[in-house]
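You will see chain A twice below: alongside chain B first, and alongside chain C after that.
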Partner chain A sequence: MSLADPEIRDLKAAATSHRGDRVFNRIITVAAFTALAVLAGIAVFLGLQTIPAFQSQGLSFITTTAWDINTDPPTAGIWGMLYGSVLLAVIGLVIAIPASLLLSIFTVFLAPRKLAAGLTNLIDLMAAIPSVILGLWAFYILNPTAEEWQRLLNQYLGWIPIFQNASGNFLGTPFIAGFVLAIMMIPIITSVSREVLARTPPELINASESLGSSLWTMLRYVALPYGRGGIVGGIMLGLGRALGETIAVFFVLKIVFEVNWYQIIESGGGSVATLIVSRFGEVSGEFELSLLLAAGFFLFVLTLVVNVIANLIVARTGRLQK
Partner chain B sequence: MTTTFDPSALPQLQQQRIERPWRRKPPIFTWSVVLATLIPLAIVGWIYWSTDIPGAIVMTVIYLPLQLIASGVAAFATRGRRGILDSVIIVNAIGATLFTLIVLLSVIGSLIARGITAISAHFIYQNNVYVSPSTPLEYGGIGHAILGTVIIVGISMLIAVPIGVATAIYITEVRGRAVPYVRFFVQAMAGVPSVVAGLFILTIIVATGAFQQGAFAGGLAYAILMLPTVARTAEEVLKLVPEDLRTGALALGSTRARTVLRVVLPAARTGIITAIILGVARVIGETAPLLLAAGSADATVVNPFGGPIAAIPTYIFNNVALPYPDAVARAWASALVLIVLVSILFVLARVIGRGRLSSK
Partner chain C sequence: MSIAESKGVDTIQTPAVTDSSPTTDREIEMSTQDVSVWFGKRKVLEGVSIDFPKRSVTALIGPSGCGKSTFIRTLNRLHELIPGAALAGSVMYEGKDIYDRDVDPVQIRLKIGMVFQKPNPFPSMTIRGNVLAGLKLSGMKRSNHDDIVEETLRAAGLWNEVKDRLGAAAGELSGGQAQRLVIARALAVQPHVLLMDEPCSALDPASTLKIEETIRDLSKDVTIIIVTHNMQQAVRVSDRTAFFLAAENEPGHVVEQGLTTEIFGNPQDQRTLDYVNGRFG
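Showing the complex of A and B:
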C-alpha cells in the first residue's frame, strides 16, 4: 500500500484539509527549503564579494598568479591556487582510486565475514577522523617518511619530468598534500564502492562462477560493470571533499604564488581553500578580505559543480539511495 | 519415500551455507598459498637484514614484485593460466588493505603515544589564560576549549536538528511536489566545503554587523555542515517506519500533523538520535569554519555573543607548528581528547542505530 493508491490519496486530501495540518505543512515546507536558502545565500553573499576583486584586477584575478596586496596598484590572481587544488586532487585520486577499489574488492569478495565487518567499521571510523588531526599526523609523522620516499623517487626516477626537484627541499610538496588527501578520500570512495559491489546480485556471481569464471573475469564482466555508476559517483564525492579540504593541506603544503604545473615532489604548490586560511590570519584589510571571499566563491562554484555531477551519476544508477 | 515439509527446521535450513561445489579447494591449493607467502617473506627478510637498502625500497621494489611472481607461480601450478590474474588481484587487494590499516594504525598509535604525555586531570578542566607556549605541562589545559566546543556544537544542534528533521519529514511525510528538488538541494549542501561555510558566516558578520565572531557565529557555520547529515540520515530512518502505522493513525481519525508528531517520530526515536549523533560527529572536528567565524581565545567564554571563543580544533591548530615541545605536546593531547570524543559518538551511533538501521 502506498500513497499512490487512489483511496489513500483521498484520505490524504481529507487529512490535509484540516486547519492545523495546513499550518504544519506550511512550517515543514518552509524548513525544507532552508537548504536552498543557504545555497542561494552563499552564492549571493560571496558572489557580491567578487565585484571588488574584478573591479581592481579584471579577469586576471582568475587567469594570473600573484598576491602582492601592499604594492600600488595591488596585484592578485588565484589561477595557481585553482590549478593547485585540481593538481592535489588528481594526485590524491591516483592513489585513492586503486586503493579504495582493491580495498572494497577485498572486503566484499575475499575477506571472511567477520574480518569484513571489522574492516567496514574501521574504514567508517577512518572517515570520522577530523582533518586537523590528519594534518597534525602528517606534519610530524608522515613528513619525515615522505621526505625519504621522495628523495628516493627523485634519485632513481628523476629523469621523469614529474619527479624533478631542483631545490633539494622535499617538504611542503604537492605529493605529500595529495597523499593526505588520498587518506581522506579512501574511506569515502571505499564505503560507496563497497555498498554497490555488495549489492551485485548473488545469482549473477554464482552463475558466472558455475560457468567457470575466475575471480578476475567475475569482477571484469559482472561486479564492476554492475557497480560502475556508484563507483564513479563515489569517486566524484571524494573529489568534492578533496577540493574543499583546508586544514590538513595547510600543514603540509608550502603555498607559493607561482604555478607548479607538474613537479609534484618539488616544494611549493597551491590550493584555494588553504590560501584562504593561510592569508586570513594576517589579512591586511578590507580589500584583501574581499579577495579571499572572492576566492571562496570560486571554490564554492567548483565544489558545487563536482558534487552535482556526482549526485546525478549516483542518482542515475538508482542503486544507491543514500 | 516421501519427505514432509517441517517448518521447525526452516531456521536451521536458512542458516546452512549454500553448497558451492565449484568453490572447493584442493589441498595443493593451501600448500601453494603457504609457500607463496613464506618464500618471498624469507628472501625479503634476508635482504633487509643483511644489506642496508632502505625499508621503503625493499618493500616496494623487491617485496611486491617478488610476492606477485610467487603468487602467480602458485596460481599457475594449481589452476593454470587463468589463475595468474586472480593472484595479481588478490595480492594487490591484500596489499591495499594492509596499506590502509597501517595508515590508520599510525594515526591512532601516534595520537595515543604522543598525546598521553600531556594528559592529566588539570589538562581537562583548566584554561589557557596564564599559559604561554613555553609554559611547562604542569600548568594549563583545554577546559576552555572543551567548553567552547560544547557550546558551539550545542548552538548548531539547536539550529540544525529541527530544520534537518523537518526537511526529512517534508520528504517522507508531507511528500510535497518539491521532494526531488529538496533532496537535490540537501545533497548539494552536503558538498559545501567547510571553509566556505565559515566565509559565508563571516560575510554576514561583515555585511550586517548583527553579531560578532564568537560561539553563535561558529554555531551557525557548524549548522550549515550539520544540516545535510541530519536531514539525510533522518530521511533514511523515517522511511523505515512501517506505512501501516501512518494509515492506522489516520484511520483512527488522527490529523496528519498529529500522526507525524505522535506516531511516526516516536516510532523513529532511536533513529533520529542516531541522525543527531552522526551530525555532531560530522562537525565536531571542523577547524576552518571556527577559525573564520569563532576566532580563538585563551580564557573561558560562556556567552555565545561574547566575542571570540576557543574550541578544541582551533586550539590544536594554534599549537601544532609552534617551536615549543610543550605546545606541541598540548596539541597532541587535545587531538587525543578530540578523537576520543569522536570515537564515543561513533560507537554510540552504532549501538543505538544497530537494531533499527541494520535492516536497511
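Showing the complex of A and C:
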C-alpha cells in the first residue's frame, strides 16, 4: 500500500485572502480589461473599414503601390507606404539608438552633477515639443542643411547603393524624414535609458571596478546587460512613436506611389500615417475614406507585428553571459 | 593547491603560520602611512599607519562605523570613486605609492582584489561567466578557462555544489554560495592582495568555516586583509590584528595593532582589552 500523494495547497487563493487586496485586485483587473477592450474596439472598428477596400482591391491593397482613385476601376495599394513607414523608423532608430545611449551614459556616468541635471531637463523638454513645431523647424531650417549633407554623402559615398541619387533632388527624402523621427525618439529613449542606467546597483559597479574594469567594459558587461530590459522598452516606445508619426513627416517627406526600397537620400518615399493625413482633407468620397481607414488598420497591424518581432529578437538575444 | 603553480609565483615555502612565527620579519607587501580620509568635510579616519607583511592575514576589527570599510577601500583605490571623497597620507604597494599620478588604478585594482560584505555576483551572467568576469572586465588574457573555473571554485569551496550547473544563472545561488562565487571571481584575476570586508557576515557557520579554511589556504600565496566583527574568526584566521576605534564625532584611528596573539592575549590598551572581550559601549 502506497501513501497517497500529499494534497497540493492552493497558494494563490491564500495570497488574496486579505479583503482589501481582493477589492483592489478586482479594480485593477477591470481597469486592465477596459484598456484591452478599447484596443480591441479600435481594431474591430478599423478592421470593418477594410472590407470595402478588400472587396474592391483584393489582396493587392497591401501588396501593390498605387493611388488612382478616380480611374475606373480605381486602383489603390499601400505596400510602398507600409514599407516606407518601416524604412523611416529604421533610419530613425539607426540614428537615435546610439545617440540616446551615448547621451544617457554621459549623463549618468561622466557628466558633473550640475551639467547632468541641466542635460536631463533639456532632454525632457525636448520630448514635449509638439511634432508640428518640429515639422516646421525641419521644413525651414533642417531642410537646407540636410540637403547639403546629403549632397556630400552622395558625392563621397555614392558608391554605396543606399546613398545613390539619380534625380539630383535631395529634398523630401526618407533620410530627412528619418532624421526628424530620430529627433523625436532621442528624448524618449534617452530618458528611459538614463533612468535605467542610473539604477544599476552600486554593489555591481563596485564589483566591476574592483575587478579592474574600465568604464567601457563596465558598461558592456555589467550596466547595459543589467538595464537591457528597460532600455529595450524605451526603444520600443520610441519606435511606436516613429511608426505612427504623421505631421512632422508630412512636412519633409515627398510621398510617392512607388516603392523606394533603399535609396534613402533620393527624393520620395512612403509613410502610411502621412498618406492618411495628406489625403484626408481632400478625399474624393466615401470610397477613398474607407481606403484611408483601411490603411490606418494596417498601420495598426504593422505596429503590432513590428513590436512582436522586436520582442522576439530581444528574447532570443537575452541569454546569460557565459 | 594549484593556484600557486598556475600563477607562476615562486613557491618558496613560507613557514607554516603558527602563532609564534615572527611575522614581523617578513617582507612587507603593502603598507599605509598616516592615512586620513574625508567624505566631503567630514573626516572619518585619521593617521592610520599599518604594515601588511607578504602572505599574511591581517584582521581589522572595531565597532561599527569606525571606518574599517572606508579604510579597506582606500587600499585598492575604490574610495576615490565616491563623490566628495578625499585622502591624505600614502598607501605603498610594491615600493610605490598607489596614489601617485602615474599609477593606473585599474592595474592596482587587479592586483589588489576585493570581496564585499554583501554578495554581489553579476545577475546577467552564468556561474561560470561570473568566475571569468574579471578577465573580460579587465581585458586580461588567460588561457584554459575551464581550468581557471574549476581551480578558483575549488579554492573558494564551491566547486562540488555547482560543478553540474555552471551554466545556470548566478542569481539562483544562496547567499553563502554567492559569496563563495564572488571569492572565486576575485581569485580568477590572480590578485596579490585580497581585501575582504566582512565576507562571512551573510553566511551560516558551516560556510563561514569553509571560507576561513579558504582564507588560510589562500594566504600561502596571497596577502589577505579582512574586516571582521567576529572575534573568534579574527583569532582563527589572522596573523596580525589592528583595532580601530572612533570616539563620538571624532575620526576613527588605530588604537592598537600587532600579532593577533598579542592583541587578544595581552593587549596594551584598556579599550582593546574591553573590545576583544566583548565589553564595549
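Everything below uses one rule, namely that the second predicted complex is superposed on the first by the 267 of 322 C-alpha atoms of A that agree within 3 Å, B and C clash if a C-alpha of one lies under 4 Å from a C-alpha of the other, contacts with A are read in each partner's own complex, and residues count from 1 in each chain.
FYI, a residue touches a chain if its C-beta (ideal position, glycine included) is under 8 Å from a C-beta of that chain, and two chains touch if they have at least 3 such contacts.
Source: prediction; values computed, not measured.
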{"item": "Which of chain B and chain C A:225 touches, first, second, both or neither", "value": "second"}
{"item": "Which superposed partner A:214 touches (first chain B, second chain C, both, neither)", "value": "both"}
{"item": "Partner chain in contact with A:203 - chain B first, chain C second, else both or neither", "value": "second"}
{"item": "Of chain C and chain B, partner touching more chain A residues", "value": "B"}
{"item": "Chain B versus chain C as contact partner of A:106, first or second or both or neither", "value": "first"}
{"item": "Which of chain B and chain C A:51 touches, first, second, both or neither", "value": "neither"}
{"item": "Contacts of A:300 with chain B and chain C, given as first, second, both or neither", "value": "first"}
{"item": "Chain A positions touched by chain B in one structure and by chain C in the second", "value": "206, 209-210, 212, 214, 217, 322"}
{"item": "Parts of chain A lying in touch with chain C, wherever the complex brings them together", "value": "113, 201, 203-204, 206-214, 217-218, 221-222, 225-226, 228, 320-322"}
{"item": "Partner chain A, residues of chain B touching it in the complex", "value": "20, 22-23, 54, 56-57, 79, 82-83, 85-86, 88-90, 92-97, 99-101, 103-104, 106-107, 110-111, 114, 162-163, 166-167, 169-171, 173-176, 178, 181-182, 184-197, 199-200, 202-204, 206-207, 224, 227-228, 231-232, 236, 243-244, 247, 250-251, 255-260, 281, 284-288, 291-292, 313, 316-317, 320-321, 328, 331-332, 335, 338-339, 342-343, 345-346, 350"}
{"item": "Complex contacts: residues of chain C adjacent to chain A", "value": "76, 78, 81, 83, 106-107, 109-110, 113-114, 116, 118, 120-126, 128-129, 133-134, 136-140, 167, 169, 182, 185-186, 189"}
{"item": "Partner chain B, residues of chain A touching it in the complex", "value": "1-3, 8, 11-12, 15-16, 18, 20-21, 23-25, 27-29, 31-36, 38-39, 41-42, 45-46, 49, 98-100, 102-103, 105-107, 110-111, 119, 121-126, 128-137, 139-141, 145, 148-149, 152, 183, 186, 206, 209-210, 212, 214-217, 219, 237, 240, 243-247, 251, 273, 276-277, 280-281, 289, 292-293, 296, 299-300, 303-304, 306-308, 310-311, 322"}
